[in-house]
Amino acid sequence: MASVVLNDVRKAYGKHEVIHGVDLEVRSGEFMVLVGPSGCGKSTLLRMIAGLEEISDGLISIGGKVVNELPASQRNLSMVFQSYALYPHMSVRRNLAFGLSNLRMPRDEIERRVTEAARILQIGELMERKPRQLSGGQKQRVAIGRAIVREPQLFLFDEPLSNLDAELRVQMRVELANLYNRLGTTMIYVTHDQVEAMTMASRITVLNAGNIEQVGTPYELYNFPRNRFVATFIGSPKMNMLAASGGGTADFGAMGLPADVAHVGVRPEHLVLGSGVAGKVTLVEYLGSEIFVHLTLPSGQQLLAQADGKAQIRMGDAALVSFDAKAAHYFGADGTRLPLYDAAA
Amino acid sequence: MNRVIRKNLAGYAFLLPWLVGFLLLAIGPILFSLYLSFTKYNVINPPQWIGLDNYAYMFGRDARFRKALQVTFTFVAFAVPAKLVFALAVAMLLDKGIRAIGIYRALFYLPSILGGSIAVAILWRNLFNADGVVNTILGFVGIDGPAWLADPRYSLWTLIVLAVWQFGSPMLIFLAGLRAIPQELYEAAEIDAAGKVKQFFAITVPLLAPVIFFNLVLQMIEAFKSFSGAFIISGGSGAPLDSLLFYTVYLFNEAFSFLRMGYASALAWVLLAIIAAFTAIAFWTSKYWVHYEGERG
Amino acid sequence: MDAALTEPLALARSLRAAKAQRAKRAALLKHVFLIAASLVMIYPLLWMLASSFKPNNQIFGDPSLWPREVTWANYPEGWNGMAVSFGVFFRNSLFVTILSVIGNVLSCSFTAYAFARLEFTGKRLWFALMMMTLMIPYHVVLIPQYLTFLKLGWVDTYLPLIVPQFLAGDAFFIFLMVQFFRQLPRELDEAAMIDGCSPFKIYWAIIMPLSIPAIATAAIFSFIWTWDDFLGPLVYLNDVKDYTVPLALRMFNSQDSVTQYGQMFAMSILSLLPIFLFFIIFQRLIIRGIAMSGLK
Amino acid sequence: MSFYNRRRFLTTTAGAAGALAVAGALGTPAFAQDRRVRHFWWGNPERDKRTFAVIDIFNGKNPGIVVEGETLGFADYFTKLTTQIAGGNMPDVIQMGYGVMFEYINNGAIVPLDDYVGKSLDVSKIDRSALDAGTVGGKLYAVSIGANSHVAMYNTRLYEAAGIKVGDNFDPFGWTYDDVARIGKAIKDATGVPGTDDNTADYQNFSDFVGQKGAAMFTDGQYTVPQEVVEEYWATWKMIRDAGATVPAEETAALAGVADLAQTGLVTGKSATSYAWSNQLVGAQALIEDRLGAAMYPNTPAMVPGSIVQPSQFVCLTRDSKDAEAATSYMSAFVNDLDMTKVLGLERGIPSQPDVRAALEPQLTDIEKVSVAFFDGIQGKTMLLPPPPPSGANEIEQTFERLAVEVLTGGRSPAEVAADFLQQASDIIARA
């Protein structure tokens, strides 16, 4: 178990900088998820921690030791790749044992660890197969198995579930979470899927265009997004964003807000139907326990509201909508959060 | 140790065998031939510096040089694409599960094993004589074929056919490349209702692009340097009427028959420049159509 | 069964039968085509084979493929026809060829790994220079190269034929393997790096086993080209006892005296056997290959 | 030599040249006990066997001298020799052909023998004409190892089938171009096989024709064949072609410049007569079943001699020889020693030493007898050997063969081609 500390880490390809001085601390034993839109630099950051990518500037320490100059193999970490990167010419057993034999570990110790990993991941009967004879989920398990046999101080995951179908993804998510609970090793996990991020992370780092937007627990990120980017990125469906000026918004009128509020964000579950401003229902998505109601206000502003699954609302209906100002989020002109009602919440 | 230094160290460690060979055995002779290209050198006596005279003669007065260029360019322009298309088609045919496939593969490779041996030259002459096997077959369909190798109008084309006939090497490389394409991709395409043609252009060509590129570049280089076939079949002279005067045949004669090693060296460097230009163009355009699985875009 | 259903069912069945028939016919057609094509391909070999069983004075006058009178004499006479037995030439050729194949495959894959997978200063320049060695017409470097080996005192030994093969002397193979190596997913190298592999271990334990088709291809070419090469042995070997098979074969051809074509063809046929065997064995490696599925 | 114990793989000391180079570098004498001579020739399995046997005889008779034989096919011989010249390690004794040899002499690659004549080298019994052929500028450079002349080889079965009989309607030593047309036509009519190859692109026949017309190929280093002679030569062969005596022009064109005996019309059965050098008779006979006859090249009715007798091959001493005395003593034995020449036989042509010829007489094969009879027949019917050709002669020959194809295919008029040829010939001389 080790902490990971990034100090002003930068990455540039030629003159083109893609990571702009990232400072980040991953605590020992923490499950840190790096999340962000594609191309935000999250994979690059992970690969720099792994030692697969050069660092243009800054420091990376693992377990209190600067590893800038250490090759990947000496950083005592494991990595699970998006494509699994299983060695196609080796059996599952060899795939698991390969890294250990490189460490010149005694044979019986290798055997013990491989058997243990196979037991944990329930791949015992696959041991003599080649990767091409495995299903997607099985490959995924082997890839994870290869990571855990080394008993590293740090696990790195690069979108490990993105190649699985929806059902399997949910299942593996649970298994990964269980694995984390059992091992308690520090994990850094890259994904673009915010459900994965929310469900698994101890803390989440939101990256955007090579900068960290916010680091926090899923709770903090959801309830106190530091800026508009995080607010809209975290949460599904997305937060509604209303332009504000002069203490109120165009659609909902004066709200007595401070003058520096430029945007008001309301999560769909905080919109209340039945009173307030009139809008037109343009689409209704029925999910069983709840429904999503797409509304268009007279100004043309689009809104998405969540309502109880039993609510009888149809496309084309007129609907009234309102929200509790205390449940809303407020952002200044530069996009940063204005802590208007945070204390109350 | 600094990571950059370590990287260079690893890179050069792996490069070392080649580098030693290149610096010790290859570059010296190459540069020496460049020097010779500015000399008059009959091999028997020491080279005499004559500046650009060789090049001036080549571009100014040497009609056979121009003829050799014309013959060689024609050969490259037709033999290379034809050979590649043929090799790829046969490789794809032999890639699929047909009975006795191994035997066919071996048989199709045989002509390439024969190479430019004397036997091939003799046979090729017999095949394409005025009363040879080819004309006998053409006779069945009512075509009165000419003496293919004897007639300067047809001799080069006959040699192009010979070159295409020896398509074994690119075929083998294509085969190796085809084996690296995952079968599931075709299955997936099948499900997506992509026809064979579509599959070829959507899967085979893009995934085979690095191999196609390799074969294209190498076959082009080889074609520019093509020697044995024309040399043996024309009895070393490029006959009839210089229609088989391949560039390297001309070069060889200048060097070894007429002992003009200096001039031959100049010829070699002009050819080198031509090949290098075409290769550079190929590499430059490859950026747009060759993508490597192992490399991030 | 419902009458309304029987008809479409029968139709479907007959369609399926017709389809099977068509597939059968297509396969047959394919074989007919392949056999015809094979005949065209191997006609020269058949001719050579037939000629090796003809008396010398019937080879050129009689164009038929079937020998009028069959003689085996060309084989023993050819084998012992030279000042040195052909067995010696075969042994020399095998010696040079096997060492060359080993040298080529090892050194060229080594170099190719550097070009395909490692980053180092000057890589593009070296690559361009390597390609240049492919482009220069070899006749013109023959003499300068000879002078180099003469200075090293290697003329009249096998060293000029073998040492360059261990120094990645044939850029063809380097470029070939570069192209194949570049196709392998980088994540395999990275996984191996994390698994504690040095660059050499990655080359040896990951890249090489995964490139068996490419390596088999290179081995086949290397074998054939070295076996067939006569220019190198011609220039560097002086003693007939050291000659290789192609050099010996060319010695049959005499412009001002008797050329024993029957013997030459007989020995040519024999000289093809090692190549053919090597090809048969190694082509299986190309075909079997390694399924890359699950990586892409 | 075992497979694992490659004598020459890791050590360079066995190679004479390598050894000398190393020894020279170290400043220590190597192999002081043996004087080494390298002899290099082009050959074929038969010649190689005989020559190696001769070397063994010599080595047995001359303790202290070790001759080493090196051999290649003709096609590769000069390529290798060229690299060796450049490397300064030519073998001591090399085989040379008439023509190319003069380039080597002119440039000093071959050295004069006069210093050794009467000492290590005995030429006292060698034919005067053969010695003259190896003499340039008054110095002897080369010793002939076999005389040669142009020969028309004909298929006796086909000739007889057409009723052509020597002494009756065919004089092998005095036939004219008109005879060629007449006989060729008769054979074609009788057997379906054209009577003769078409020599339009054959430079050897052309050179005879030049002599027959009283002209000279070279005068004072210039190419001096008159244009009329070129045109007349082509007209003569057109006459024969038009008479229906030759193989089709297009097939002739296919073979222009091809020196391979196996491809001549006589061997492939496509004609009854092919034109070659007399020392090729044995080789040609080995490739066909029918018996061969030998005739001179045809002449004009004036019967001015145009053929020459010239050595087919010489042995020469190279400038790289380290022990010229040992080398010349070997050369001397090669042409004089009856034990050795008996083994060599007529394989390289008719020997130029009368004692040797006499000793060989009893052991001749049929075709060798034909060849000896041919040589008897041409006595007095050949012209004197012209002075050695200048550099570039070789290239002129190729140019002729190349351009003559246009005459055959009718691409340009013979007059145009002739003018072009003469222009190119003088260009070649100017550039050489």
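Chains here go by letter, A, B, C and D, matching the order in which they are written, and residues are numbered from 1 within each.
FYI, contacts are C-beta pairs under 8 Å (C-beta built on N, C-alpha and C of every residue); 3 or more make two chains touch, one makes a residue touch a chain.
A quick note: this is a predicted structure, and the numbers were derived from the prediction, not measured.
Any chain that touches subunit C and also touches subunit D is listed here: B. At the far end from subunit A, in terms of centres built from Cα atoms, lies D. For the criterion of most C-beta pairs in contact, the winning chain pair is B-C. The centroid of the Cα atoms in subunit A and the matching centroid in subunit B are 53 Å apart. Centre to centre, using the average C-alpha position, subunit B and subunit D are separated by 36 Å.
Subunit A and subunit D have CA centres that are 88 Å apart. The set of subunit C residues that touch two or more partner chains comprises 143, 147, 185, 250, 253, 291-296. The set of subunit D residues touching two or more other chains comprises 79, 82, 86, 259-260, 262-263. Within subunit B, the positions touching two or more other chains are listed as 43, 255-256, 261.
Residue ranges of subunit B in contact with subunit C, taken from their complex: 7-8, 10-15, 17-22, 24-30, 32-33, 36, 43, 93, 98-99, 102, 104-115, 117-120, 123-124, 126-127, 133, 165, 169, 172-173, 175-177, 179-185, 210-211, 213-214, 217-218, 221, 224-225, 227, 247-248, 251-252, 255-256, 261, 264-265, 267-268, 271-272, 275-276, 279, 292-296. Residues 56-62, 81-83, 88, 91, 94-95, 142-143, 146-147, 150, 153-159, 162, 230-231, 234-235, 238-242, 247, 250-261, 263 of subunit C touch subunit D in their complex. Listed in rising order, the residues of subunit A touching subunit C in the complex are 47, 50-52, 71-73, 77-79, 81-89, 98-99, 102-103, 130-132, 134, 139, 146, 150. In the complex of the two chains, the subunit C residues touching subunit A come out as 185, 187-188, 190-198, 201, 205-206, 209-210, 290-296. Subunit B makes touch with subunit D in their complex at residues 42-45, 122, 125, 129-130, 146-147, 149-152, 234-242, 253, 255-259, 261.
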